[in-house]
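What follows are several structures.
After this come two complexes, each holding chain A, first together with chain B and then together with chain C.
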Partner chain A sequence: MRVTEETEAAKPSRGFWSDAWQRYRRRPIGMLALCFVLFLTSVALFAPAIAGTKPVVCSYKGNLYFPCLGYFNRSWESPIFTKDKFRGTYPENLKQKDPESWAIWPLVFQDPYRRVRENEWPGRRENPSRDEGHPTRLNLFGTDQYGVDIFAKMVHGTTIALLVGFVSMGLAGSIGVLVGALGGYFGGWVDMITSRLTEIVMCIPTLVLILALIAVVEKPTIWKTMAIIGATGWTGIARLTRAEFLRLRQTEFVMAARATGAGSLRIMFRHILPNALAPVLVPITFGIASAILVEGSLSFLGFGPPPPTASWGSVLNSARSNLQLWWLVVFPGAGIFLTVLAYNLVGEGLQEATDPRLREAKK
Partner chain B sequence: MAAPLLEIKDLVTVFHTSKGRLPAVDGVSLTIERGQTLGLVGESGCGKSVTAMSTLRLVSSPGRIESGSITFTRDGESIDLVTAAEKQLRKVRGGRIGMIFQEPMTSLNPVFTIGNQIAEVVQLHRKVSRSEARSRALEMLRLVRVADPEQRLDAYPHQLSGGMRQRVMIAIALACEPDLIIADEPTTALDVTIQAQILELLDELQSRLGTAILLITHDLGVVAETCDDVAVMYAGRIVEQASAVELFSHPMHPYTKGLLQARPNVDARDSGPLATIPGMVPPPQDFPSGCRFHPRCSHARKPECNEESPSLREISSGHFVRCHFAEEINS
Partner chain C sequence: MITYLLRRILLGLVTLVVITLMVYGLARSMPGNPLTVQLGESDPSRKLNPEDQQRMLEIYGLDKPWPVGYVQWISKVIRGDLGRSITRKQPVTQLIGERIGPTVLISGTALFLTWFLAIPLGLYASARGGQIDERFTGLVLYALYSFPTFVAALFLQIIFAVWLRDTRWELPLFGMSDLSTDAPFFARCIDVAWHAILPITCQTYVVLAYNSRFIKANLEEVVRQDFIRTARAKGAGPWRVLVHHAFRNTLIPLVTLLGLSLPALVGGSVIIEQIFTWPGMGRLFFESIRERDYPTIMGLTLMFSVLTLAGQLLADLLYSIVDPRVNVD
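And now, the complex of A and B:
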């Protein structure tokens, strides 16, 4: 007894996820893609500190403020600046109204929502507009026809590009897992209904369905766009979840769980779902990529979020009427391309790391 | 006389498949008294596992309990598990009746620690906090004598050996101090030394906790060691039922006799090849008419055996046999 236990302990044995991570780490392309996604995430998180016209930190009349947070939410910008009539231009106002003040500025002094005026930053001329706004040292990615800096727009648009992926796939994942779990676990007529529902949604071309929904929705916002993408993109996830549940509900540990008195919901979501997660995670990763693409297409067609929102797709849209302004196409296009590529590579790596059949085929 | 702990009466469980209506369990009646061990013996495919599953109504589609009753009595209150509401049944499963499965390798959920899995059962049936459930889990691991219980609590099933996992399964089954444990071939998947340890453990826990056990097995050696009463099943029916001592000393049904002769005997060397019962258990769609054992029975006679189905008769006190010619064969 003692001996068998010790040999058992001597053999290192890892959990499923750490095992998958070990396998994933061995693929340089997958790791590169993952790093790119993490890079984008940090860009999204620190966007106001990378490009903006509001100080990251400033000392004003003896207090510390973080006006840059106003880019995330208007109300997080201290009301004192509105009261003192800053009107969004900080450099001169800070100096004029409190000579003692100091500020730490974002890396690039450009605003994603408006044109930077002459002398707003001491000694700097106004942003070029129309067809003169090609990339320069001050406007890394150029400016659009109204003189708004594209680099700042892209940096702030990262948040939306990532949010679109996560929120819409979070929604699609929830719907897909729920529908697939119900069908796969209960089978019979429940499965009949959920499967047919999935097939019906699958039959309708996604973009057409989304356009139809947008036509119905009043006042489109980026959140509504995400909700619509999510509400139409769950079919693949539902089918995979159903297949996993069909397989897992036959296993002995599920029978054992039932024998301990666990109810159906508990068995579905506590016992089966964690075991079905890996195969379901892969289509979710691919889904994030396609959601970003769909948002880009929608914005390009002009059905995206309304103007003040900075999104990569809306930059592309502004290029539609001015195709000779190449920088309006190249930079957001490359951004979308690289992001989608990265998510697809992450998804592929995940698939390879978690699916034993793929692993066999590679050998 | 008080009602027995569990009384199965004329249980019929059928599977509706493309081959038609297949009665895997066909009129089985069993009685288990408090603190007793009943062995249910038979070859593969005779319906013993389906009987066990039916007891907790765990038979999954296309299987269905067609008729019969399963009366479970506790503190003078009886419920029929066949007709009980799902909610009531869930309280019985794991709480009043624990179950141990054949395959310890696959019966534990691979993504949770074993401490988690034991604690879950406790929390399902008792109003206890997380930490109380966890300490109960630790207590259970000690009870089933898992080495280093504190560390094992956070181990995943794949980190344990088969014997250890079966101990954990026993811990889960016993965690809520049930009145009955249904053990469906608990030692089949284990090697012989571990088998002995597990059986010993079950035996010891039974005498300590006073739990009744329904032990399902095809291993007559296991039955001889642990059971008070034995029921022998063949083709969905009980063919012989008696106390273990009686059954092993005076087997009456030709099938039971055959099974007992088919055991290797250590004392009798050079006794030639092992005796076997010719043929196989017929699948439910091919159950023969009359006595279901007659095609394999050396005592079978026409026309009685292949036309008339024998009933389960009490030949001597407490000894039931399903055979037309039981007295004749045994005289």
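And now, the complex of A and C:
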């Protein structure tokens, strides 16, 4: 009897986050959305192995190479293939230059950046172009007017869509939390300045600000676009963080921390921030959804990263002048829609799982 | 009350100065200038020679560093002059006056439709909360909320302008009117309305989905409170409780939302106007950035920020009307 009592007492009570996770798990739609996000992440990570024209692994002249990594970064593709004049077409060259070679190919032999030519894969016809690129067995999602496979573009675009969400919201979250924390914690004139700053950025229409910034940086790359989206999207997070800090700085545990001699920075980021994180995390999740939307609309307007980058929005942009090619709209449109929906649902689930007011209501 | 208003207006003026200063600096740091961008794009042979260009820049006051240009601009604004568009050779106020009508036609109709539909939808959703039909509409609205406008616009264009071509349901792809200006007035109205259907649909659905969910969330919060239980206990019917007791107490957040949608009413949507080539304010903004037309960019920025600040102030003032307990002082 005594033993069980002791083990009962020794067992730590569930923490806030594991409690939130228990609540989150009970929502089937939220879990479905989370699974979809994880699915997208794995598509993004394994994009070159799903669709590409470079072998995942190949043995060439006695060595093992991973040419598919070239899709992530040019320099990760072994220079030996440039030296041996492969010119990006592997199947034929591998056989010709080293009959002993073998290779494991991506699931779908299509390239996101160029048209696949006739007999590039032995016995395979050329990709159709212009208005003949209906979805077929070879081109699952059809081809665009230049004969580039849409499925490959979509698969490789997943990387961009997810990166845009994470990088830009990572930046926006950092700026927002910092600005909000400074204003909320110190109050007074610091708060005055940070609040005005937030208000000013809120007053300029976001898309206009982004377009102007993109014009200023001249040669936009996908990283610059992400940075700009992040640098303009932090206002909501800053306001929420400020409100949380205003509330929490009055609490006993902050006073206790101050009594033990903790400095301002330590109190802000070690004591207050972990307690303010849940309500701040919710707008960040919604922010990921809206960052993906913004990138999509920028590419759609033709202000996205330059052509070789395969983003979903740029496929939609090419559909604008070719409305008969419905597959150029349906597949990337569905991609953006489902991703945004999934992130919104995850955010909603997170909100319900962590907001004490909503929790009370469900009891 | 008066002191509150004065303080808010003064603060607003300071904010305005900082915003316009920032945007002016940003606009002037964009590569190129109105002369090179405009002429160089249309025809390379018509590019100005350096001397002419310098002379033109002097005429427009663009040869000086941008802080000087900003001071010139703002001193003109204080005298009530927004300047002349460089690329369109027209006063900016006149340009805005031309574009504001089409934008309000779209966004005003959309705003009206949104609230007209969102309030009943929100009431319905919280009345039938948890039932199977409510869950279904909730899911549809949620999906609509996540549906990107530009994708929706392309879908609508494909359906109504390509697939339904030459049927009774065909809708025009873009533009505002196909008829010439000497066509009869009534026919022109019909034509414009016909062109406006798709843009209005696009602008309505996202906001509708958001607002009805917002109303529902607020209602659910109010319904939990004690005075609702009292109302039920004294025998008020479910609809009376919902509309008379609960809904009236959700007005504050709604009023905020309405105040915040004021700039969008006049500002329009860059994306929708760009897709449907609708000659409105959003498109003007987009074009003026592309053309580096500084006076137009600045005029539009000023208008947007004034409206945003006014919307916030209006929302705060409406608070005290909707809820007498709130005292703005």
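What we mean here is this: the second predicted complex is superposed on the first by the 349 of 363 C-alpha atoms of A that agree within 3 Å, B and C clash if a C-alpha of one lies under 4 Å from a C-alpha of the other, contacts with A are read in each partner's own complex, and residues count from 1 in each chain.
In the analysis below, a residue touches a chain if its C-beta (ideal position, glycine included) is under 8 Å from a C-beta of that chain, and two chains touch if they have at least 3 such contacts.
Being a predicted model, the structure only gives us computed values, none of them experimental.
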item	value
Chain C versus chain B on the shared chain A, clash or fit after superposition	fit
A:L107 touches, of chain B and chain C: first, second, both or neither?	neither
Chain C, chain A and chain B - angle at the middle CA centre, rounded to the nearest 10 degrees	90
Which superposed partner A:L265 touches (first chain B, second chain C, both, neither)	neither
Which superposed partner A:N275 touches (first chain B, second chain C, both, neither)	first
A:L341 touches, of chain B and chain C: first, second, both or neither?	second
Touching partner for A:R196 - first (chain B), second (chain C), both, neither	second
First, second, both or neither for A:I80, with chain B first and chain C second	neither
Comparison of chain B and chain C by chain A residues contacted	C
CA minimum distance (chain B, chain C), superposed complexes, angstrom	14
Footprint overlap on chain A, where chain B in one structure and chain C in the other make contact	none
Residue ranges of chain A touching chain C (in the complex, touch as defined)	196, 199-200, 202-205, 207-209, 211-213, 215-216, 218, 289, 293, 296-297, 300-301, 316, 319-320, 323-324, 326, 329, 332-333, 336-337, 340-341, 344-345, 357, 361
Residue numbers on chain A that touch chain B, as the complex places them	1-2, 4-5, 8, 13, 15-16, 187-188, 251-253, 255-263, 266, 270-271, 274-275
For the chain C and chain A complex, residues of the former touching the latter	14-15, 18-19, 22-23, 26-27, 29-31, 142-143, 145-151, 154-155, 157-158, 161-162, 173, 220-221, 224, 263, 267, 270-271, 274-275, 285-286, 289, 297, 301, 304-305, 308-309
Footprint of chain A on chain B - complex, ascending	56, 58, 60-61, 90-95, 98-99, 101-103, 106-112, 120-121, 124-125, 147, 156, 158-161, 163-164, 169, 172, 197
